[in-house]
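Next come two complexes built around chain A: one with chain B, the other with chain C.
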Partner chain A sequence: MINIEQIIELLKLGKLIPEETVYSICLKAQELFIQEANVSHVDTPVTICGDIHGQLHDLLTLFEKSGGMENTRYIFLGDFVDRGFYSLESFLLLLCFKLRYPDRVTLIRGNHETRQITKVYGFYDEILRKYGNSNVWRYCCEVFDYLSLGAIVDNQIFCVHGGLSPDVSTINEIRAIDRKQEVPHEGAMCDLLWSDPDDVDTWSLSPRGAGFLFGKNEVNKFLHENGFDLIARAHQLVMEGYKEMFDGGLVTVWSAPNYCYRCGNIAAVLRIDDDMSRNYTIFEAVQPQDSVGNAIIPTKKPQMDYFL
Partner chain B sequence: MQTVQQTDYDAFSSKLACLSKGYLPPNEQSLITPIKGFVSIYQGYKDLHLQYFQALKGEFGGRRLASKINRSIQNSQPVMNYGTYLRTLSIDIPLLSYINEIAPSEQCQIVNLGCGSDLRCSQFVDKGEFPQVMKYIDLDFKQSIEFKQSVLQKLPQGPSNDIYEAVSCDLNNIDETMSVLTKLLKADIPTVFITECALCYMPQEESQILIDSIRKTFNTGVWLSYDPIGGDEPNDRFGKIMKDNLLMSRNLDLPTLLIFNSKDTYSNRWSQYEQVTIQNMWDFLQSTISPIEQKRLQSVQFLDEIEELRIMQSHYVTMKAQWQ
Partner chain C sequence: MITLDTNSPSKQAILKMMQRESSGDCEMEGDEINNGNNKENSHLMNGEHINNNDINIQVNNTDLKRVKVYVLEDNEWKDTGTGFCMGKIATETSMAKIATETTETTPTPLNETSANPNVTKLVKPKAFLVVSNEEVPNQVLLESKLEGNVEYQRQEETLIVWKDVEGHDIALSFEESVGCDTICNFIVQVQRNFERNISLVAVRSSDTGVGSVHEIIAGPISLPSIDQKQTTPTLMEALRILNGNTVYDYLKNETVEFVLKNKYIDLLINYFHEAEEKQCLKDLLLLSSIIKTLILYNNRDIIELMVDDAHIMGIIGILEYDTEFPTMKANHRSYLETSGPSFKEVFPTENNDLKEIIKKCFRLQFLKDVVLVRFFDDGNINLVLDIILDFETCIINFLQMDPFLTRIMNLYEPQDKQENNELISILTETELKEKKRDGIKLLHQCVQMSKNLDLSDKTKFYRYLIQKDLFNVLQYAFNIETDSNVRIMATDTIITIIEHDILLIQNIQHEKSSNTDNSDPDHDENDIDNSDTPGKQTEDMKLLSILSTILLTDKSPGLREQVVQALNTLLHPDGCINGNGEGEYDSDGMLSNFNNNSLMDDDYGDEQKWFNSTMDMAREIDMNDLQLKRYFKNFYDQIAPKLFAPLISNISTDVKNIQYDDYLLIHIVKLLSFISTEHNRIMSRKFILENGILNTVSKLVGRDHILQLRLTAVRAIKNIVSLNDKYYYRYMISNNLFDSMFELLKNNINKDNLANSCIQDFFKIISTNCAPIIPSTNENNTTETTQLKSNFLLLSKYLVERFNDLLIQFDDLPFVKALLIQNEIIHDGILDKGEEFDGDETLENIPTEPLTEEDQITEEARDETHDIEMTSVETDSSVNQNGKRVYSEI
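Let's turn to the complex of A and B:
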């Protein structure tokens, strides 16, 4: 038996979790996610969070500033891993919270929760560095395949990592996707994880090479058709932490402050109360500290940060 | 001094990563405005760098260095590869354009101040395509130059000796630098001065004296410079974070990053020069690299975050100062 509370405490300290324990956590989490629909329903009050990207210490700040897992429900919009130095710990912490408080946590898949992207953007290398083999990476990727694609808050807010797809006009079409697979390079599932809102008249090619750009027309049509007020998504770095667009019909929430330890941005989460009011909490990056208050500088830097 | 020298291996491994992933070399469709001879300066470009990398392993401390470089190549991220590509072209393009303007019967000279492992000497000297280039000087710290010379000797085709010269000198010692330059170069021949991430490591006063001395000493030429700028928007914290990060993680100081924090403050140092143009690297990308090439670059690896690329590239500049 694994002791979730104990593991949560270890993870908060950034400690390495034994391979077998990770395996058990992943297996249990998978059993939970397999039961969930592609799009789950969530009640208010709830806190919606954007990209985390392995910034464990900032994730801890996020919980601190927004009430904490013990007190409120959370939706995470994906991109838990890659780029930061603590992808594994961040993802496992969220999985442990899910196991400990299954009804209070909704985890949505981001475009980084795939085998292909994690091999380029750091999660795979982090696992090799920490364990000397890729087993833990494989366990996590199995979990990625079961993460849901979206969530709906009180039938009024659609939550998704990236955005809309020309192949999706109703939620039922998302429900019909066979999600338990590696994210394809095109099609509805890919678009939901990759697309971006932009000042465009109609569906346009995305400069990211996957997904689409969509504009106010597409957003209004989707909101109207499904009876929603808002699309809450993440996926794009916003210097101010959040950004509303299209007369408040869409919001981007970004929860990784000082992204990649160099961008200098602030981060935000969005709390939706019972009256559906939107409250943003912004927060800044903290310098990771050890137990006696000294700054922790990751010693094995996985990448070069600057052009020198 | 040593911390500055080590930045050269960052630059070199970045370039190798960029080559091994296939960002570099560019091709005939890369530029919005094509330039004569653009593709041919990259012929054999990858082999040249791989040969240099191979030869470097044979040097003292080379194996350790090589494994470090190998690791950074493996971990190279798209946003960095993109930037290295842009950085390389931001010097190559104006350099080639300047040489192209000089008739083959005329002469010019090229100096790379703080050259590190840069191999432009091979691109612009060895191929015999630019008879104009009568002198090419690489200048850097003694240790860097000695290392480079012995690596270059091992290459199948090292740079031709009569044109190419590698000289050791501390750029911060302006008297020494100027006496080396005046000894090796002719003051009345058009001369290209390159500083690619070199001025940013110099104290404010020294860099200004160097800029002024070169203008006074040489009758005509062009200065091409690439450097980071700290940023001058009220909420812009990029520069401060960069300065702190580099100081903390590797004890590397960029004394003027927050002083020359904008295009204007950076380029004002060349106010004695006649034509000064400066662009941040994001604008350089948009104004120089063709849409078809941008598409190619995006597809080399998935570029996951455009905003991050914009932020980083907005904090680097390419400057060209021409006189006479």
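Let's turn to the complex of A and C:
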């Protein structure tokens, strides 16, 4: 049996977790996620968090600033991996919290939680560097396929990584997606993870090449049809950490401060209380310290000898 | 520094005026003028260190170039005539006292007759631009000396403008841009050789059309101090200068040359040790910034220099200090020296150059991934990646020329062959085992390294490896080696090669087997049955066989994942066609037919006929096509029964001795899905149906298994349903293979979980495929499309009838509701039509007993199949007509 508490402590220090342990964690996580809905229901009070992108130490700050796992529920809107130096540790930490507190953590899939994207944007390389082979990456990708596509807070807030889809007008339509697959290049599942809000009159082509741009009309229609007040999503860097749009009908939450270690932005999480009030908590990037986790030099050090 | 004041209205005006004049009769040639890359003639231009009188005249007079001369008078450009311009060198001997500012170096006396050491006879060259009147050759229109700190501007293609030391504004408008090039080149050479303070600036209108772009072509340049005694101020000044010099290519190139020629980096490293001793943090941080700035010069020589044996430790030492984190220091040196990866040699080689390259390559990666990981961004990392790639190419190429790799491969040969091998026979058993492990690590590393190489280089290298019996290594790894990490590396190696080009392995195997078969006079490559003896494993199945065995027997989850990936690649027909790097296999012709599922309506199971008919084509097209066909035939004959053994339900002996774990079964069911959708339908369907595989898959949906597997099995069924293949439909309906899925649904109907979603998706597939078709203007089209629906309509009807009670309870699920509604419609439609066709008849026509193997292969069964087919076609069209009418009525 794996000792979750112990692994959590190791992860917080940015320590390498053995391949077999990662495998066990991933299997356990699959068992939990397979019982979850494509769009799960979450009660207040809850803290909604945006992109993390492998910034483990900022993730730790996030928990610290927002009350911690013992005091509030969390919804993570995806993009746990890529870009940052600690994709694996960040994702595993969230999985471990999920295993430890299954009812308090909801993990939603982001557009980076796919095989194709992680091969390009860092997670795959990080695993190769840390383990010398890609197995751990494969285990994690398998878990990605099981992640939820969205969440609903108290029947009033729809949480999703990217945004809306022209193929989805009601939540019921999301339920009929067999989500256990690599994110397709088009269709409802793709749009939920890729779309962006914008100042457009109707569904428009997205410059990202996947998903759509949607505007106030689409948001109002969706909110009205489903009886929601708010769409909470992530997916786009916001220098101020969060940004409300469309008369408060949509909010972008971004939780990776100083994104890529150079963007200079601050981060935010959104807390929804029992009275449905919205409170934003702002936080900055952790200062790098030597030998305390977020070292100046990340754990990208090569582990393998080289030969002739 | 040079001031760039060219936007005065007068100069703009003359520019426009002259453009008008010149554009009429001369073509604007886009010739680039020499922008300072001409290293041979260039000297370093640092007034502090290099004597201005150290002259070696390499400037010659130019040809005559036709120009118009303008002079600015009272703010107006005055045309002073047309003539021929020449860049002219005039040397006059003069007695000159050595200027006080040049005392550091003794000037080279060019005149050997000099007697007085204090007074040297110098050749003091002078350069002029001379224009002689074209009508009166003796009349000089202009004689202007190149001197002082005059800035020459080349405006666009044909204009040179300057203000001479006396303050006259002069402009030369050339007839041709080539002429202008010549004179500009002259100015550059003069600047480089003796008049160092003059400069030449190119001014072009910017791409946006607003404003202009200035670029220094030649001119004085500031460079850092190369005094051995560095101080905080000299370092600060150096950093300022180095940053400033990145602005223009000219300054950049000159600076790079300066850095290399003066061993500037050695100088910095020397001072670094001193500063570290003194613990002078400010200087250490300055040094770090200087090194980073030099890296940003993006110069290959500088970067390579930094990672060589003599400099690497100094460089990463300096980079341990970082202005971004001034209170901290990294520990790169101690990491590399003690705890980090070390360089190992399986068999020592004498080739020191290669060792050096391997080390440099590693260090560069270390810089990229660790030391400078925060510093590099997408923009400035390309050069580093390029250098790494060059190193890698070099290493891989070397390995193929040196006997080195042969020595490694000999490790895995059978023992009797090794006895004569001097290198190996002296090893003890443990040493040999260790060497074998290291050898696999080495091969893995080389193949990983080759991933970024050019396609042709990769092909060459992999071909070499396979010819050197890479398979011996694999055999060793899978049969003898116990360390699963090493086994994983071996699989990874093979995956990389097959992902690059599957046929590569097969072709070489083929070549090898042909060579050994040459003694056989009856051997005929075109005779496909030759390799078809049941039970006998053909050479091209060797790898698939190894992989299948690993998958079914090895418990390591990582290895399983890899093997599955390898199998997927090896069994992907597209990969076989397109995945090669040499383009020698044509993807046109029959190959594209190979996977063409439009063949599915051919006689069921008449694979041989299909085979033979395509054989003739194959001969005409390409031997490789034939090989591919043979390959898949061999797969289904030899490998598939073994690989899919866990799914084969043999009706007579329905007892399985081996218990397969659910995680393995997930992989196998996924592979099954894969072959059913990607392979030639006739081949894969025959295999799947004749082995009762779908019965097992249906059972896997049952409650005895983990949910992940149950849903994987549901997905396999969904994939097969999506194929819209009547034989599969008939089989699954007659065997009631959907029962387990409905059982699963029943248990999860009130749970909002993945099982529920997964089955809802199944209903979605059926109901969307049954959905009414919007009547098209093209009658034929509609008919065709509706025919495509017939299988789904049949299934929908079957499901609604068989699971009616259950489905009615679920009608809040949108797609179940759609299914029910659709069936109502169809049913009503048929009732309208009445006597001719009744939906129930369709079901009666389906054999109620499961199809047995015998049924399927006997002629009788085949006839029966035909009957059903006929009926179905009728049914289809009836439904179609009825359905269509009803839809259009709605």
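Simple rule for what comes next: the second predicted complex is superposed on the first by the 290 of 308 C-alpha atoms of A that agree within 3 Å, B and C clash if a C-alpha of one lies under 4 Å from a C-alpha of the other, contacts with A are read in each partner's own complex, and residues count from 1 in each chain.
Keep in mind that, in the parts below, a contact is a pair of C-beta atoms (placed from the backbone, for glycine too) under 8 Å apart; a residue touches a chain by one contact, two chains touch by 3 or more.
The structure displayed is predicted, hence computed values, not measured ones.
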Mind working out whether A:Lys221 is in touch with chain B, chain C, both or neither, as first, second, both or neither? neither
Is A:Tyr261 in contact with chain B, with chain C, with both, or with neither (first, second, both, neither)? both
Tell me which touches more residues of chain A here: chain C or chain B. C
If you stack the two complexes on chain A, which partner ends up touching A:Gln236: first (chain B), second (chain C), both, or neither? first
Can A:Ala210 be said to touch chain B (first), chain C (second), both, or neither? first
Identify the partner contact of A:Asn111: answer first if only chain B is touched, second if only chain C is, both if each is, neither if none is. first
In the overlay, answer first, second, both or neither for which of chain B and chain C A:Lys15 touches. neither
Both chain B and chain C contact which residues of chain A? 261-262, 295, 297, 301-308
Taking the complex as given, what residues does chain B use to touch chain A? 7, 10-11, 13-14, 72, 74-78, 80, 83-84, 87, 197, 228, 235-238, 240-242, 245-246, 248-249, 252, 294, 298-299, 301-308, 311-312, 316
Could you pull out which chain A residues touch chain C in their complex? 19, 23, 30-31, 33-38, 40, 85, 129, 132-135, 138-139, 146, 172-173, 175-180, 261-262, 288-290, 295-298, 300-308
Which bits of chain A are touching chain B when the two form their complex? 82, 111-112, 116-117, 120-122, 125, 207-210, 236-239, 258-264, 295, 297, 301-308
What residues of chain C sit close enough to touch chain A in their complex? 322, 325, 328-330, 332, 335, 340-346, 349, 354-355, 358, 362, 365-366, 369-371, 373-374, 377, 404, 438, 441-442, 445, 485, 488-489, 492, 557-558, 561-562, 706-708, 711, 715, 718, 751-758, 760-761, 763-764, 813-815
